[in-house]
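What follows are several structures.
In the two complexes that follow, chain A is the common piece, with chain B as its partner first and chain C second.
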Partner chain A sequence: MIEVELKNISKTIHKTPILHDINLKFHSGAIYGLKGKNGCGKTMLMRTICGLMIPSAGTVSINGKVLMKDIEFPESIGALIENPAFLPQYTGYKNLCMLASLRSDIDKEAVAEAMRRVQLDPEDKRVYRKYSLGMKQKLGIANAIMGEPDIIVLDEPINALDEASVEQVKKVLVDLRERDHLIIIACHDREELEYLSDEIIEIKDGTVVCKQKEGVA
Partner chain B sequence: MRTAKMFWRDMCLGTFRHGARFLIIPLVVVLMTAGFAEYAANLYDAGTIAGSGTAADYYLCVMQGMYIYKFSPDSTFVIPISWFMLHIGLAYLTAYYPCKDYNEYGAIVIPAGGSRIRWWIAKMFWCLMTVFLYYIGIAITCAISACVHGAKLSVDFSVDLLEHLYGDSMNYVSQSDMILISVLLPFAISVLMTEVQMLFSFLFTPVISFAATCGVYILSAYYTCWWLPGSYTMWQRSSYINYEGVKPMSGFVIAVFGLLCVIVCGTLYFQDKDVLD
Partner chain C sequence: MKPVIKFEFYRAFRSVGFYVALLLGTALAIGDIVLFHNAFRDTIDTKVVMQTWIGTDYQFVTNSLFYALLPILAALPYAGTYYEDIKTGYLKNILLHTSRRGYYMAKSFVVFVMAAITVMIPLLLDLMAVMTIYPLRMPERLEFLSAGILDVNLFSGLYETNGALYALAFILLDGLFAGLLALVSVCVAERVESMFSAIVIPFAFYIMWSTVMMENNDGRFSVMEMLNPRQSVVFSRLQVVLMAVGGTLVIILWLFLKGRRKDVL
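This part shows the complex of A and B:
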C-alpha cells in the first residue's frame, strides 16, 4: 500500500511561480490523471513527486517518509518525463540494462519483460538512434515500468504511438492498477484520460483547480 | 556499490568512448623526444655520457615544462607548446562530459543511482581515474619511445645526461625526490585542475571553465609563484632543481586543500539542485 502526499507544495524558479500551494493525496491501486494547458505545471508537479525538483515550500511524503529529509528519491518509482533520453549508440535493451544495473533490484529478464509488454523486441539489434519516435516513446514507458515499481509517473505516454500501441499501453496501465500500483499520468487526449483515470486533477497556472472522480476503466 | 556502477558507466561513456583523444600523448611525446634522443645519442657517441639514456630520462624530458621565466626586454616569452598541449589535452578530455551527462541523462540516471551526491562522487572518481590513465599513457609512450631510440627500459634517470641538459643541480636530487616532483606532484595538480574545471563547468559553462583552465596554465608558464598551480607540473621549476623555484610541499598542500574545497562545494551545490533538462 503506497500513499503519496503533497502538502502545501510551491515552487518558484527565477522569481517565476511554477507551482502554488498544491495539496494532493495519491493512493496505490488507482490511476490519477493530470490535465491542463501547456505550461500549467503538470510536468513540474510530476518532477516534484519524482524528487527531481525540490519544492520551494511544502513537503512530498511517501508512506510518511519526506523527500529530501528522510529519503532523496522515492524508493520504488519509475518515470517517463518529457522526451526520454537514452544513449544513441546502444540498443534499447542495452540502455535499459545499464539503468537497471544502477538500481540493482531489476534483473535482465525483468528488462526484457518490460520491453515485451510495450511491444518492443529485446532481441532487436537496432541502436537507439535508429528508433522511430514511437519506439523511443515505448522504450521510455518500458524504462518506467521495468521491475514494476510501486509508483509510476508518465508524462504524455501515448504521444507518437499508433492505435494498437495505445491500446497495449492502456492494457498495461490497467493491469498495473489492478495489481495495486500507483499510476500518475498526464495526457492531452481527454478521451483517453477519462477512460483510464480513477481521478482527474485539473491544473491551471500552477494550482489545482478541480479534482473529479471518473469511472473505472 | 551504486557509486561504483555509476563510476564504471562514466568511465565507459566519458573516457573509453573518447579514447582517440589520448592520441595527443604520442603526438607530444614523439615531438619532444625526437630531439632529445638525437642529443643523447651524440653525447654517448662522443663518450661524454655512459649510456644513451633511460625511459625515465625520456619521461623527464616530456614533463620538464620550461625554466623559470624572468621578464626582460631582451627575452621573449614563449609558451612551452608541448607541455601546454599535454595539459590542455587532459583538460579537454574531461571538459564536456560531466555537464553533457547531467543535462542529457541526469533525469534518468540520478534517480536510478538514488542520490545526487552519489552521482557527484562518481564523477569525481571518474575525473581522478581519467587523469591516472592519462599519466599511465604518458609513461608507457615514453617507455616505447625510449625503446625505439635504443635507450634502457629503466626508471632510474641518468645523472650525467640530465646534468648536461639541466645543470649541476641534477647531481643533488635523489631518485625519490625526482619521482616526487616529476610524477606525484604533477599528477596531484592535474587532478586538482581537472576537478576544479569540472566543478566550474557546472557553476558557469564548460567552455568558460575550459578557457579558464587554459588561462591558468598560460599564466603559470609566465609567472612562477606558489599560487599558480601550473608551475608544479614542471619539475624544472621545483625548488629542488632551482632555488628560486616552487616548493613541492606547497604544491601538495594546494592540491589537497583544493580538492577538499571541490568536494565540499560540489556537495553543497548538488545536494539541493533541481534535475531539469
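This part shows the complex of A and C:
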C-alpha cells in the first residue's frame, strides 16, 4: 500500500511562481489524471512527486517518508516525463538493461517483458536513433513500468502512438492499477483521461482548481 | 554507488571520444619518435632515453603540441557526457534509479580516471618504445639535447638516478592534472550551449592562463609549464600538490554540493 502526500507544495523558479500551495493525496490501486493547459504546471508537479524538482516550500512524503529529508527519491518509482531520453547508439533493449543495471531488482527478463507489454521487440537490433517517434514513446513507457515499480508517473504517455498502441497502453495501465500500483498520468485527450482515471485533478496556473472522481464527466 | 560507477565506465569505454583522444595522443608520441630518429639518424647511437622521450624532448613541436592539447585530450573521452545527460534529459532516467550523490560522485570519478588514462597511455607507450631503442644512460647535465634539469627542479633526484622513474613521476602528475582539467568541463556544462564549448573551455582557460602567467611571474603559476617534464620553469613540490590535489578536491566538492539540491528540468 502506497500513499503519496503533497503538503503545501510551492515552487518558484527565477522569481516566477510555478506551483502554488498544492495539497494532494494519492493512494495505490488508482489512476490519477492531471489535466490542464500547456504551461499550467502538470509536468512540474510530476517532477516534484518524483523528487526531480525540489519544492521551494512544502513537502512530498511517500508512506510518511519525506523527500529530500528521509529519502532522496521515491524508493520504487518509474517515470516518463516530457520526452523520452535514451542513448542513441544503443538498441532499446540495451538502453533499458543499462538503466536496470543501476538497481538490483530489475533483471533482463523484466526488461524484455516490459518492452513486450508495449509492443516493442527486445530482439530488435535497431539503435535508438533509428526509432520512430512512437517507438521512442513506447520505450519511455517501458522504462517507466519495467520492474513494476509501486509508483508510475507518465507525462502524456499516448503522444505519437497509433490507435492499437494506445489501446495496449491503456490495458497495461488498467492491469497495473488492478495490481495495486499507483499511477499518475497527464494527458490532453479528455476522453482517454476520463476513461482511465479514477480521479481527475485539474491544474490552472500552478494551483489545483478542481478534483473530479470517476464517473463525473 | 558501485552500480552507477560500473554504468558510467561502461559508457566511457564505448565512447568515440576516448579512442579519438587516445589516437591523437599516441600519434603525437609516435611522431616525436620518428622525427627524432630522422633528424639524428647519423648520431643515433649516442642518444639516450631522456633526450628522446616526448616529455623531455624539446627539439620538436610534438612536446609543445602534446602539452598544449592536454586539456582537449583529457576532456574528449567523457567530460562532455554530463552536458549530454542534462540537455537530452537522460539525467532523469539515471537519477530515478540511483541518487544525486551517487551520480555526481560516479560521474566525477569516471571523468577523472578516463582523462588521466587518456593522457598517461601515450606518454607511457612513448617511454616504453624509446626504452627499447635507446639506452637509459643519463645524459650529462646541459649536454646538447638534454633538458636542463637542475637541483631546484621537481624530481631532480630521480632525473639524476633513474630517468625512467622521473618520467613516470611526471606521467602520474600529468594524469592528475588531466583529470582536474576534465572536471572543469563538467563544472561548466550547465552554463554552455554546446558540448563543443564544454570540452573547449578548459583548454581555452589553460592556454590563456599559461600565456598570462608566462608574461608575468615568469610562468611560475603556468599549469602548462608545471606539467611539462622538460621544466623550463622552477616549481616547488608544495605548489604542485596544492594545485593538483587541492584543485581536484575543490571541484569535486563543488560539484557534489551543487548537485545535491539540483532541480532536474
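Observations
Here, the second predicted complex is superposed on the first by the 214 of 217 C-alpha atoms of A that agree within 3 Å, B and C clash if a C-alpha of one lies under 4 Å from a C-alpha of the other, contacts with A are read in each partner's own complex, and residues count from 1 in each chain.
Everything that follows uses one rule, which is that contacts are C-beta pairs under 8 Å (C-beta built on N, C-alpha and C of every residue); 3 or more make two chains touch, one makes a residue touch a chain.
Please read all numbers here as calculations on a predicted model, not as lab measurements.
Once the complexes are laid over each other on chain A, chain B and chain C cannot both fit and instead clash.
Residue contacts after overlaying the shared chain place A:I54 against chain B and chain C alike.
Contacts of A:F73 after superposition: both chain B and chain C are touched. Contacts of A:M115 after superposition: neither chain B nor chain C is touched.
Look at A:A85: by the touch rule set out above, it reaches both chain B and chain C. Legend: residue contacts after superposition of the two complexes on their common chain; A:I200 is shown touching neither chain B nor chain C. In the superposition on chain A, the residues of chain A contacting both chain B and chain C are 13, 47, 50-54, 68, 72-73, 77, 79, 81-82, 85-87, 98-99, 101-104, 143.
Partner chain A is touched in their complex by these residues of chain C: 3-4, 6-7, 10-11, 14, 88-90, 92-101, 261, 263-265. Remark: chain B residues 1-2, 5-6, 9, 13, 104-105, 107-116, 272-277 touch chain A in the complex. Chain A meets chain B in the complex at residues 13, 47, 50-54, 68, 72-73, 77, 79, 81-82, 84-87, 98-99, 101-104, 143. Those residues of chain A that touch chain C in the shared complex are 13, 47, 50-54, 68, 72-73, 77-79, 81-83, 85-87, 89, 98-104, 143.
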